[in-house]
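By written order: A, B, C, D, E and F. Residues from 1 in each chain.
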Amino acid sequence: MTDYLESAPRMRLGTFLGVPQATSASAGQIAVIGLPFDCGTHATRIGSRQGPAAFRAMSSEVRPFYPPLADVDPRAGGRVVDLGDVDVVASDLGPSLAAMEAAIHEVVKADAVPLCVGGDGTVTLPVLRALAKRYPELVLIHIDAHTDAYPGEDVNTGTTFTRAAQEGLIDTRRSFHIGARGTMLVAGAYDHTRALGYRLIPGEEVRKRGPEAIAAEVREVVGTRPVHLSFDMDYFDPSAAPGVATPTWGGPPVAEVFDLLHGLKGLDLVGVDINTLSPPHDVQGMSAMLAGHVAVIALHLIQLGQAEHRLNAGHR
Amino acid sequence: MTDYLESAPRMRLGTFLGVPQATSASAGQIAVIGLPFDCGTHATRIGSRQGPAAFRAMSSEVRPFYPPLADVDPRAGGRVVDLGDVDVVASDLGPSLAAMEAAIHEVVKADAVPLCVGGDGTVTLPVLRALAKRYPELVLIHIDAHTDAYPGEDVNTGTTFTRAAQEGLIDTRRSFHIGARGTMLVAGAYDHTRALGYRLIPGEEVRKRGPEAIAAEVREVVGTRPVHLSFDMDYFDPSAAPGVATPTWGGPPVAEVFDLLHGLKGLDLVGVDINTLSPPHDVQGMSAMLAGHVAVIALHLIQLGQAEHRLNAGHR
Amino acid sequence: MTDYLESAPRMRLGTFLGVPQATSASAGQIAVIGLPFDCGTHATRIGSRQGPAAFRAMSSEVRPFYPPLADVDPRAGGRVVDLGDVDVVASDLGPSLAAMEAAIHEVVKADAVPLCVGGDGTVTLPVLRALAKRYPELVLIHIDAHTDAYPGEDVNTGTTFTRAAQEGLIDTRRSFHIGARGTMLVAGAYDHTRALGYRLIPGEEVRKRGPEAIAAEVREVVGTRPVHLSFDMDYFDPSAAPGVATPTWGGPPVAEVFDLLHGLKGLDLVGVDINTLSPPHDVQGMSAMLAGHVAVIALHLIQLGQAEHRLNAGHR
Amino acid sequence: MTDYLESAPRMRLGTFLGVPQATSASAGQIAVIGLPFDCGTHATRIGSRQGPAAFRAMSSEVRPFYPPLADVDPRAGGRVVDLGDVDVVASDLGPSLAAMEAAIHEVVKADAVPLCVGGDGTVTLPVLRALAKRYPELVLIHIDAHTDAYPGEDVNTGTTFTRAAQEGLIDTRRSFHIGARGTMLVAGAYDHTRALGYRLIPGEEVRKRGPEAIAAEVREVVGTRPVHLSFDMDYFDPSAAPGVATPTWGGPPVAEVFDLLHGLKGLDLVGVDINTLSPPHDVQGMSAMLAGHVAVIALHLIQLGQAEHRLNAGHR
Amino acid sequence: MTDYLESAPRMRLGTFLGVPQATSASAGQIAVIGLPFDCGTHATRIGSRQGPAAFRAMSSEVRPFYPPLADVDPRAGGRVVDLGDVDVVASDLGPSLAAMEAAIHEVVKADAVPLCVGGDGTVTLPVLRALAKRYPELVLIHIDAHTDAYPGEDVNTGTTFTRAAQEGLIDTRRSFHIGARGTMLVAGAYDHTRALGYRLIPGEEVRKRGPEAIAAEVREVVGTRPVHLSFDMDYFDPSAAPGVATPTWGGPPVAEVFDLLHGLKGLDLVGVDINTLSPPHDVQGMSAMLAGHVAVIALHLIQLGQAEHRLNAGHR
Amino acid sequence: MTDYLESAPRMRLGTFLGVPQATSASAGQIAVIGLPFDCGTHATRIGSRQGPAAFRAMSSEVRPFYPPLADVDPRAGGRVVDLGDVDVVASDLGPSLAAMEAAIHEVVKADAVPLCVGGDGTVTLPVLRALAKRYPELVLIHIDAHTDAYPGEDVNTGTTFTRAAQEGLIDTRRSFHIGARGTMLVAGAYDHTRALGYRLIPGEEVRKRGPEAIAAEVREVVGTRPVHLSFDMDYFDPSAAPGVATPTWGGPPVAEVFDLLHGLKGLDLVGVDINTLSPPHDVQGMSAMLAGHVAVIALHLIQLGQAEHRLNAGHR
């Protein structure tokens, strides 16, 4: 405990994990960015615009070292910075998507990795648009209790990946939707997702085969391609993460969610978003704290991937 | 207690105060209508789309007889019906405003009185549009910790009454904003409200002169004109009503809010809306229950006004 | 999403899943009925009288299509109606039991299936009394952390199935108590249950054999007999469902509870009750929402059973 | 702080204010007694059976010295003991009323003063029955947002003082109901209370005349007669005490409630009950803590009355 | 609204009111500083170490313009900065007091004004120690439900102002304790406070004379001397601010607390602390939001005082 | 149910499970003792000083009979007493440790078994010091998401077992730390624990091998030696026990925690502590209730061990 305390800044502020605040990121850095937009939410439980603030606040309860992946501090050497929140306009979809895309693109152009915190599931679309400009072979791993690839012409939380497929932002044949489960508003949700070219692994299949097997399949298909990981907090069971827009009962135990994420070790993560954290529906900030744990895992995964793919050479 | 229980329907459902569900209202009736729209909220605490549901649910804790105004049951003779919620589209302002206006207009055309429950402060605009078609001399009484008459070209919770004035929906010189107080996002908020022609009585003035004096002034100015009462739940102090979008400290004790409302007795209320109830930010449903109490007062005020103005003849 | 929204009524009210309100049900329909009685609760945490209201309110977060059983809308064709709550008298057991039995019997007589929501565990008794008149071969599947078959002459939440056995309402030798676990107020609780003729499968056995094996045994024993499913919300672990009268730690993960229920597919369910939801002890309405998920499963199970047993002919 | 800590027992348990646990009380002592019965509650929010436990637990946040009345420790000399809870039977009114009456009567017989904590408003009836045997001239001061003197033959929270009047337990012409306000379930509630002989001072009158004037009137009418003070926690505004069965908006500020109670100084209090604390509907235990403050005031009022009436001689 | 949004930084972080983060302050600036120390709390409800974080987080709900004092933005011209939290050591009083004093002294030396947020009531001691070095004529205005000037040799929340008097940090004869009320742990608390030379105005006196009269007396006595304002959040009634260490019922309405503070306009405030905000005991962050409102008032009071005393010349 | 109710005392107070209050314990008895000290907590979420009170209060929801271990009442024959809380001094580590050690030692000397409830993780140190005087061969089983055996010279929650090892209180080579997992503040935490001689079984290993296998290994190593069981509530996943100081995601399902504890059957438990229950961070008292369940398991384990080791003779 001593070491950390001694090396800590004498005065602290509310960035994620106390990392330095910055206005831009440089090559190799990980840039935490808040995307406080939730007006793509047509469901009852809107409120994820408060997600980034809660995420940062509860990161006081999360620690940086993580033996299951790496017993090191991912913040070492100033490798993580916090860029604050993108200034979106509530209810005004167009300008908000543009502002988010522009902010992420600045990060991506600098060869830094954006670690985005939503906001609802629409925020993933501008992230993918920004990444796609830089990584033409981009692959998606989407972990969520819903596929968010429903039919429809709108941009909302249910059509993010319909749009992404139609805009050609990602290689859908090598992209995964993992964990769909539960009750649905429409019939044929899974079929439409597959019709767009995606690989769909429902939650039930994850339970049967186990998270390690799923992760192995993902690694096999994805290979060395650049990957964006989109993690919807409602993949957790509501007993663990009540503070989401669409709680969906029957999710895996938290430890198995971590197993699945651990299994992505070695992939070349060029972007991550954690979305749908809805603080007004949370209980004692626990879902926000859990999102922080996911973010620590992401920090380690990104850095382990960077180590691997730097050695494997300049494939980009 | 006996009487009420005996006359109650054997099976009950979740309408406001257990009144009958209906699809339309007839002359003289009061029609409860939910307006679950909140995407005019640019502030942090969005969520009033859940307002109508919470309002109906907590009405189980509110009773109909009200000695301070009338020791009678306002539901008697089927005079109150519940029309359910208007089917708005989240984040899509135009169609939502149109749908709300159309639904309210049906009620107004039938000479029934809409008792609307928001939703955020934008929902008052379609209500006024609907009423203005029927009542050219319409007057507004707006009770709120904010004037919602800020500069700007947008339709959002801050510009409802800027729009209403510019569209000529109401007689601004006889219309009141009562209760503005607290911290503000911009300078000159009060001046702009007055520049639109409105009468502004800040909360501080209410405290000094007392609610009875304020109500007397209002009655004097309004006279026999048709009135819409728009009540924002944040007029209450946050100690009483935490479940609102913009809690504003320093409000009056609840009993004095009731005094102010009681003082409107005799006015010809042709419309009422209660807005900005934000259930995800509420505590134990208490703000929703308080909104129900305001609605019971409104039921009595409307009926007392109807009794008076029916005797006073067909001024419409 | 489009389809559902388009076909939805323009105005909505607080019935379960938005189904039509009705005053009676016809053959083949499923009738949702609230039984807001909790004065059989001798334990500390009384409050399940608020269960039906919370259940309906939180059904806004549950969807109708359910791929694990059937990717169809069980409400299609008006097959589900909501009859509201039976008008019980708090603390007056006799008249309340009678009122509940009469209301359920009307439904049963019409060859509709009651889907009852409590209320505490005593509400199952009048449901069984009503069903027994119509189905002499009635079998019970009781899923609960307690057997509620304790010794005693009283009618309370602990003696419901002692009474049911002694009154001969069900075929105890083919009836199951599944899931008893945890700490107990008295010794010999399991022995007494078995002495009444019931089959008892403690929670520990469910964990060891797995829910699929248990369900297979149940299907084997029950066969084509008419079944009442009584589901106590405290079967869930308190981490998932804190809002119950007697939280009992050590329950199965939610997904395994669903597995168990899925395994009842094909049985001829002629009645269902979901009880012991105690909203004042709930957290953010999550237990109520979970009860809604159980109800959606029940809707599908009932309809799948109807399809099967209609084909198999008029065995009643 | 030192003094108290030094004189405190080395080990502490959960009695009210840490007073000694006892099984009986002796002359002049004040006996704290829990009455965990709430099945006289016909309203939605049952749960005051948990009141005594919460009351004791939150007394850790209340202190004994009270400058507005007496800057002394009322516990000094072992003058306060805690007898624990009476063992009532949930839902079984008759035996429960008998058990409560018997337990209180033991205390009263010993010339000790019962300080009872409910439980719902029915618990006042057995307290009055026990006191009436000892004090034929008993007078009631009932402070409550409701008169609980409604018509009806039942024993429930709404008829306690109808029963008390009809059984002749108190001198109704010198007994007060102070503070009725708000919405009502039936018409004529005030008239019926007065028809029973009671003095009724509605909350509105308290607001206009002020608590000091009301207290003066009470002292004038009551004189040296033995008094039972029944305090319903819903007399507080729900902003202060949400944890009650029937929250009733428009109550006085807490400081004015204290003023009213302080004004009872000098009366000969022979019994006190504080009822209707409903912990499952409370927020952070604040209503329970407030009940503890009322109890400290009661301790001082009782002892100040004892001092006065001991000097004034053996009027009993 | 437009102006503010346009001038806002494109990306935001969690400082108080979004002001710039800084590591030091310059002359005339106001420096927000968190003092997350709470181990001077001997009472049950420890937790104010989480105060600064909650204070900053909830400042998203507070606005800068404040018509009752000044319709200007106090942040204009970079006049407010946020220095983050002092790095204290939990449970180690000595080093923590030293670290806080050193950090504040740096600010004071630079002729900036510290606006400190606790932490419990012990944090005021190091603030006074730092200020006393710079302002030999320092006067204290302490607004609190307790005097915190109890006997004892310890440094804890109850002896802060005993220590301050004995160390000669302030001119006690011109220093005020305003608002003591409620139940107490020891006898003679008020006498000891006065024996130290302080002026004591109990809460009861504030209620009778009114906040304006009290403020006038304070201004009269204090004159042009440099003032430290220490504001304990428990001065608010617990109905408004439950999230404190020692909730004390019977406080003034929030509007009257603001009146008292407004009355300090014109004083030369050289330091402010807001303490005893205990987030784990708060409800929906409302107490933290209220602390933010007090801080906005303080920002305006400081700047109005600076304007006045700069004109009145270089008395320092 | 009848039996228990009939044999219950007529009046009850807030001891654990309603056992008798006592001031000392005799041979063979189990003595419940509260250790309300939390100033060894350097993390954000202090508050476990409120643990013992919440633990006792929520024991109303836990029952004594426990079929998985023994279908008997462990309270029978007065074998369990509640000694209340040790009177510690907040923030003053030295005297508090001494007071706790002295109180426990009295119990141990009398050949009773202390069942201690914290308080934070520092309270285990005085318990071990007291036990070590009586049991030179003492062995520790520490079940916790952290090893609390970090480097450092301080006494705080992170160094309890570093101190215990260095003071030679326990046989570290036969002592276990079970369940460490999650994110960490420093590197090398596991190595340091092992360097002190302890056996470390990380949570991941428990998941892989299963709780039965782990328990078997423990029994094998420990044999007939006297054992202290220290159970940190954060071993549970935060979805089950949010009310702890350092919630650590990824814990086992509650049922598997019970399996692990059941596996300790037969060991000679001479002391137990349950620590780190932090009520202000709890949700609806559920973590406190879960601690009560652990305590019931402990009561049975202790008595089963006593039965076994009394038969096996006087090895002490």
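By our rule, a residue touches a chain if its C-beta (ideal position, glycine included) is under 8 Å from a C-beta of that chain, and two chains touch if they have at least 3 such contacts.
Every value quoted in this text rests on a predicted model; they were computed, and no experiment measured them.
Common neighbours of chain A and chain E (chains touching each): B, F. Steps from chain B to chain F, minimised over paths through touching chains, total 2. Comparing the centres of all chains, each the average of its CA atoms, the largest separation from chain C belongs to E. Chain E has its Cα centroid 38 Å from the Cα centroid of chain D. Per-chain CA centroids place chain A at a distance of 56 Å from chain D. Shared interface positions of chain E, i.e. residues touching 2 or more other chains, are given as 42-45, 60, 237, 239, 253, 281, 283. Interchain contacts (touch definition given at top) occur between A-B, A-C, A-E, A-F, B-C, B-D, B-E, C-D, C-F, D-E, D-F, E-F. Every residue of chain E that touches chain B in the complex is listed here, in rising order: 1-4, 60-68, 71-73, 237, 239-240, 253-255, 258, 283-284, 286, 289-290, 293, 296. The touching residues of chain F, counted against chain A in their complex, run 42-45, 150-152, 158, 181-190, 202, 204, 207, 237-239, 242, 246-247, 249-253, 281, 283.
Contact residues of chain C toward chain B in the complex are 8-15, 21, 23, 33, 53, 56-57, 60, 82-87, 103.
Those residues of chain C that touch chain D in the complex are listed here as 38-47, 49-50, 89-91, 93, 156, 280-281.
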